[in-house]
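Each remark here refers to the structure printed beneath this line.
Which chain is which? They are A, B, C, D and E, in the order written, and residues in each are numbered from 1.
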Amino acid sequence: MALDVGKIEVGSQRGSLLSILSPGKRTRLRRLLYEFGPGNGTLLFLPIDQGIEHGPRDFFPNPASKDPEYQFRLAAEAGYSAIACGYGMASKYYPDYAGQVPLLLKLNSKTDIPPDDEALSPCNASVEDAVRLGADAVGYTLYVGSPKQEEDFIQLGKVRADCDRFGMPLVIWAYPRGREIEKKGGRESLFAIDYAARVAMEMGADVVKLNMPKLNPDKDKNAPAPYNEMEVTLEEAIRHCVESAGRSLVVLSGGSKVDDDKLLEQTRLIMEAGGSGVIFGRNVWQREWGQALGIIEQIKETLLKSHTRIP
Amino acid sequence: MALDVGKIEVGSQRGSLLSILSPGKRTRLRRLLYEFGPGNGTLLFLPIDQGIEHGPRDFFPNPASKDPEYQFRLAAEAGYSAIACGYGMASKYYPDYAGQVPLLLKLNSKTDIPPDDEALSPCNASVEDAVRLGADAVGYTLYVGSPKQEEDFIQLGKVRADCDRFGMPLVIWAYPRGREIEKKGGRESLFAIDYAARVAMEMGADVVKLNMPKLNPDKDKNAPAPYNEMEVTLEEAIRHCVESAGRSLVVLSGGSKVDDDKLLEQTRLIMEAGGSGVIFGRNVWQREWGQALGIIEQIKETLLKSHTRIP
Amino acid sequence: MALDVGKIEVGSQRGSLLSILSPGKRTRLRRLLYEFGPGNGTLLFLPIDQGIEHGPRDFFPNPASKDPEYQFRLAAEAGYSAIACGYGMASKYYPDYAGQVPLLLKLNSKTDIPPDDEALSPCNASVEDAVRLGADAVGYTLYVGSPKQEEDFIQLGKVRADCDRFGMPLVIWAYPRGREIEKKGGRESLFAIDYAARVAMEMGADVVKLNMPKLNPDKDKNAPAPYNEMEVTLEEAIRHCVESAGRSLVVLSGGSKVDDDKLLEQTRLIMEAGGSGVIFGRNVWQREWGQALGIIEQIKETLLKSHTRIP
Amino acid sequence: MALDVGKIEVGSQRGSLLSILSPGKRTRLRRLLYEFGPGNGTLLFLPIDQGIEHGPRDFFPNPASKDPEYQFRLAAEAGYSAIACGYGMASKYYPDYAGQVPLLLKLNSKTDIPPDDEALSPCNASVEDAVRLGADAVGYTLYVGSPKQEEDFIQLGKVRADCDRFGMPLVIWAYPRGREIEKKGGRESLFAIDYAARVAMEMGADVVKLNMPKLNPDKDKNAPAPYNEMEVTLEEAIRHCVESAGRSLVVLSGGSKVDDDKLLEQTRLIMEAGGSGVIFGRNVWQREWGQALGIIEQIKETLLKSHTRIP
Amino acid sequence: MALDVGKIEVGSQRGSLLSILSPGKRTRLRRLLYEFGPGNGTLLFLPIDQGIEHGPRDFFPNPASKDPEYQFRLAAEAGYSAIACGYGMASKYYPDYAGQVPLLLKLNSKTDIPPDDEALSPCNASVEDAVRLGADAVGYTLYVGSPKQEEDFIQLGKVRADCDRFGMPLVIWAYPRGREIEKKGGRESLFAIDYAARVAMEMGADVVKLNMPKLNPDKDKNAPAPYNEMEVTLEEAIRHCVESAGRSLVVLSGGSKVDDDKLLEQTRLIMEAGGSGVIFGRNVWQREWGQALGIIEQIKETLLKSHTRIP
């Protein structure tokens, strides 16, 4: 246990997560890291909660994607680590794919119709639901910095406790959000995402889902010191965020559709920074079947080629 | 299970709901779909919650309708799939009709006296109440887009969990509502109803109750893209909404009284779009007894003639 | 079961309540209707919750009434169906009268010091308390139309469920209240009271306590159609309200002190309209002992002479 | 049981409280009334919750009083009926005095830093805590008239129910408070205190703690009729309040330090009006040890000389 | 038990805490006071909750400190009484140090992104979590004076009750906070900190964590009397605060980094005033490893040299 004090290195140097997990969490998380998906300790998640988070409009670029069959079949046939969705879809579509692809049950969700000045994502399902459905992990969206953090932390605390009770891995969608974060550089700033990564870890995440920070000197001026004057490259920025998540694994979130090179480049960056995988939704299933399979193959290769961390 | 990827077809092509339901839900829902009502996998519900939702004024066009006996007897004698009402009426009037027509117990309700900018329908009854009363389904009104979606989703999540616990089918009245939806095209827009259909499915509905969308280019401009520029026929619009409900069954809601041709035309439209039935209240019981029986007969015929989906 | 469809008649024509009640509710309600009070299926309640609802000032016209002994002794000696009061008084004064007069335990109450724009009456006692005290019914004040209807309906829903669990009759004080009802004709309008009666029934009341509607063309203009243009006599108005309560029994509430002729006239009206009794407080106990006994005797006669409904 | 109807007399004429209490409450309350303190059915409480209610500044006039030892030793050595304090002090200081003086555990408290427009005192301890600590009563501060009466009544209702469950006497600090009472004559008016006394009784108090009303014609004009025009002496005013508490025992609260004659005069007044004792804090322990013992002796004499009520 | 009435002395004169604690609390607290850390009845805590309270920016002065390994190893190797952190870090990093240094589990936390006008720190972990992790104490941040004190006191009351149930020592971070305290001299004033110390004790703290008060005549004018006119030295001020905590032990909190002399001087002051130790975070781990060990050694010496209280 020779800690190199004074110089913390990223990636495999961070302590092992699996080694300190309870048997239930370890069993389930290993399944995602090694038995399904690209393997070798990486994570590839397919999220399908956009129908509730944004509405059916996200399915218009690829009408086939409106039928959840599309994503479930894709996750199973293309070999994902897990499909991430809410209770309604899990109960209606997972039965046909049970055991063919692990399930990551998303416990909370909201529509984007009301403004998100005071964002909070209410739970509509429980860890016990996840156990009953045979899920291998649960997901929780935490809006870091929201004026409703009190309800959020209390709600998450209960989910976290249930995860410990049932040995269920906890994946936290760590999203800076709300009117206060907008005053301090915005939800995409390094300040915001770095903070979110740390909060997720301190709240008990086993896996943290982060967005790629965006460097924007103009907006970053409003962030607290020293972020307001930091000069970092994107590589350094993402490293900061991954380090802040400590022993928790990190997966990179996608967002709206970008071009393939950028997607693969971001995948490489997160993995080299010590991340454990990616969770891309629209970037994958807004493509026609063959094209979707194609990009998935490329993502998998990148994951396997670039990973630096032993979970 | 040959999924025609790239082209999702509506109606019977959507996956079977009954096949993935738990035994309790399947038993009860089959009773509504095949043993009572028009049969053949269709649903015909008689709702009688207008006395609380709008007040007694809805009974004035047909004074006989003020006595709930009227609706209960109508539901039983005209052969409905179920009568939908709240606890007070179920406990006071259903005993005389127990077993003669299935009961769909509505769990939440509100008056229309306060404004509905922040609509929320509070539960006054439980799934356990429904079990005790011998009901075959429960109903829940979800106000999609309301600023109170947090309370709504949490409340619905508990109802949904109890439905799973007791094997009780869950019917969601999916109503866009609240000040924010009014800013984005309004509660009757395709955007709003399409979103509501999807949310209901993702929250775990077995059956989704929808209003017919109204195309209104003037108001639709305010909806998010691409709804703000979509050019669709009413047939296409309703198909969109039915598809968004996925494997959940869809029933069309009526609203205030319209002329018979329009009523039957809408019935046909929903069934051809893959819907499973209708739930008309005022359009039926605001008529004198004989006339009510008459229109019910016509609705039944339309249901049986136009249904395209195998549940 | 020959329902005269198309013409609903009031009074005894409404379906029997007792016949569909559970054994516990039937046992207790029969006691109030037949074994105590005027009997013959009528109800005469003595309410003593004014000390909390309005403060001690209501006792000043008759200082003796400040000591709850006065009301308890009056209820027992004059032969009431039940005395209605909150937990504090029930626990401190009912022991001396236990079994001599039935107890109707009022579960919620509030002071009138804060404004009632958003009225809500919080529960300070439970149905289980009522069972332990030997009560034969519980009372709940529902503020129909209040912006706090969400809390109100949820709270009442729990009380109602406990009533079912313990076989305890539920009496709902159905009071239109709050800033929104004032915009629509006011709390005393036919619109408001008719709506309140229906809501109470739909929320599971066994007995509904109503105020006499007041016809006020000036204010009624603000009520929703068709109330804004209805031309009815007071007799017709009260009939409307009683009908709206359906199978629930109706008792007429008194309010502040009026002259004897008016009091007895109102008693007659409610009974002829199908009501089951009255609940007069200040009109009775703001009189000196002998006078109180006198008016009670006259009320009882009127009840027995005018009742038209078989409960 | 010859009730002198038409003329309610104060003091011993009010019904016996002990006779209708449950065995647990009777046992504990008798201990306070007869076994400890001045005895003969009187109550002398020493309150020490000022450190949380006002902060340490109340201890500055007598620095020794800052150490709770001072009050605990005073209560034990000077022979009090009980010492009234919160959980922190009870758990840290009562062990050394267990059994030497009864404990009245105060369940709720607040600081005076935020304004009290919407006062509410949150519970930080439970009746079960009181049982475990060997307490003989619990105390609850009720802010009568506060816009937060809904939370207050619900919270108190639960405490009251637990008191019944455990046979624990309930002492209610009945304090008019909040922006609405200030508009109606203020917290010290006869209107306010009279109302508070009644509410406490109706909420189930066994003992009510009241402040002495202050007659102030200028402010009383704003009170509701008939208080706005009542002409009463202080003796009559306090009698009104004591009567409003009915069978509940009444103890007079002190407030900030006044001169000795006034203190003893007020003690005499409350006892002659049918009160059962006093609860003076600052007036006692803001004195040096010997002086404190002196005034306590005088208060005890006054209690024993002036008491008129048999509890 | 010869109490020197009239002159309360600080330090060892305050009553023994350990002597009145339950066996579970005594066992655990003794471990912190005598078996780990500097010993001899002193407390030296290493806090690592800044990542959630302020964000990762606190780690920038010493990048190594971003990896929680740094603090855990420091606490274990330098011989701390306990390491204080939240659930996420305790579950991910404590396993490797279990038994090598005691754990003080912090139960509540918040980010500093939203303003703290109405500060409240929500619980994300429970006392039961602490028991399961093998912790020897729990920590709770109480924002004294916040407009949300109602939620705070209720939340703390439940934590406190669980501490009694499990025999777990309770450490209260007693922080004046919120818009109202800013109007009354501010969060660093003697008024504020003195009040906070007392409230923590009255809420059941076994150990109170305080900030050093700052004397600021300009702002103190706004504090309530007599604080607005008090003339005290810093020594006297800190003595006041320590006395206000009564039998609860007091540890001094550090805050942002200050120079070494000041740090050691403050350590001496708190110990001479009757404090039991210090909890310095940034002042310690914002240093490189060797320097951190150096300052810790000096703090320990000061603690052992200056302590005046027997716990």
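Here is the rule we go by: contacts are C-beta pairs under 8 Å (C-beta built on N, C-alpha and C of every residue); 3 or more make two chains touch, one makes a residue touch a chain.
Owing to the predicted nature of the structure, the values given are computational and were not obtained by experimental measurement.
Trainee: Touching both subunit A and subunit B: give me those chains, sorted by label.
Mentor: Joint contacts: the list comes back empty.
Trainee: For the copies subunit A and subunit E, give the interface type as same if over half of its residue numbers appear on both sides, and as different if under half do.
Mentor: different
Trainee: Quick one: subunit C and subunit E, Cα centre-to-centre, how many Å?
Mentor: About 57 Å, centre to centre.
Trainee: Going through subunit B residue by residue, note those that touch at least 2 other chains and give them in order.
Mentor: 151
Trainee: May I ask you to sort the chain touch graph into line, ring, star, complete or other?
Mentor: Graph shape, chains as nodes and touching pairs as edges: a ring.
Trainee: Which chains make up the ring, listed in order from subunit A with subunit E immediately after it?
Mentor: Here the ring, read from subunit A toward subunit E, comes out as A, E, D, C, B.
Trainee: Spell out the part of subunit B that touches subunit C in their complex, as residue ranges.
Mentor: So the residues of subunit B touching subunit C come out as 49, 51-52, 55-57, 60, 63-64, 66-70, 73, 86-89, 91-93, 95-96, 108-111, 113-115, 120, 122-126, 129, 132, 151, 288-289.
Trainee: In the complex, go through subunit D and note every residue touching subunit C.
Mentor: These residues of subunit D touch subunit C: 1, 3, 5-8, 14-15, 17, 20, 144-147, 149-151, 153-154, 156-157, 160-161, 164, 178, 180-181, 184, 191, 194-195, 197-205, 224-227, 240, 243-244, 246-248.
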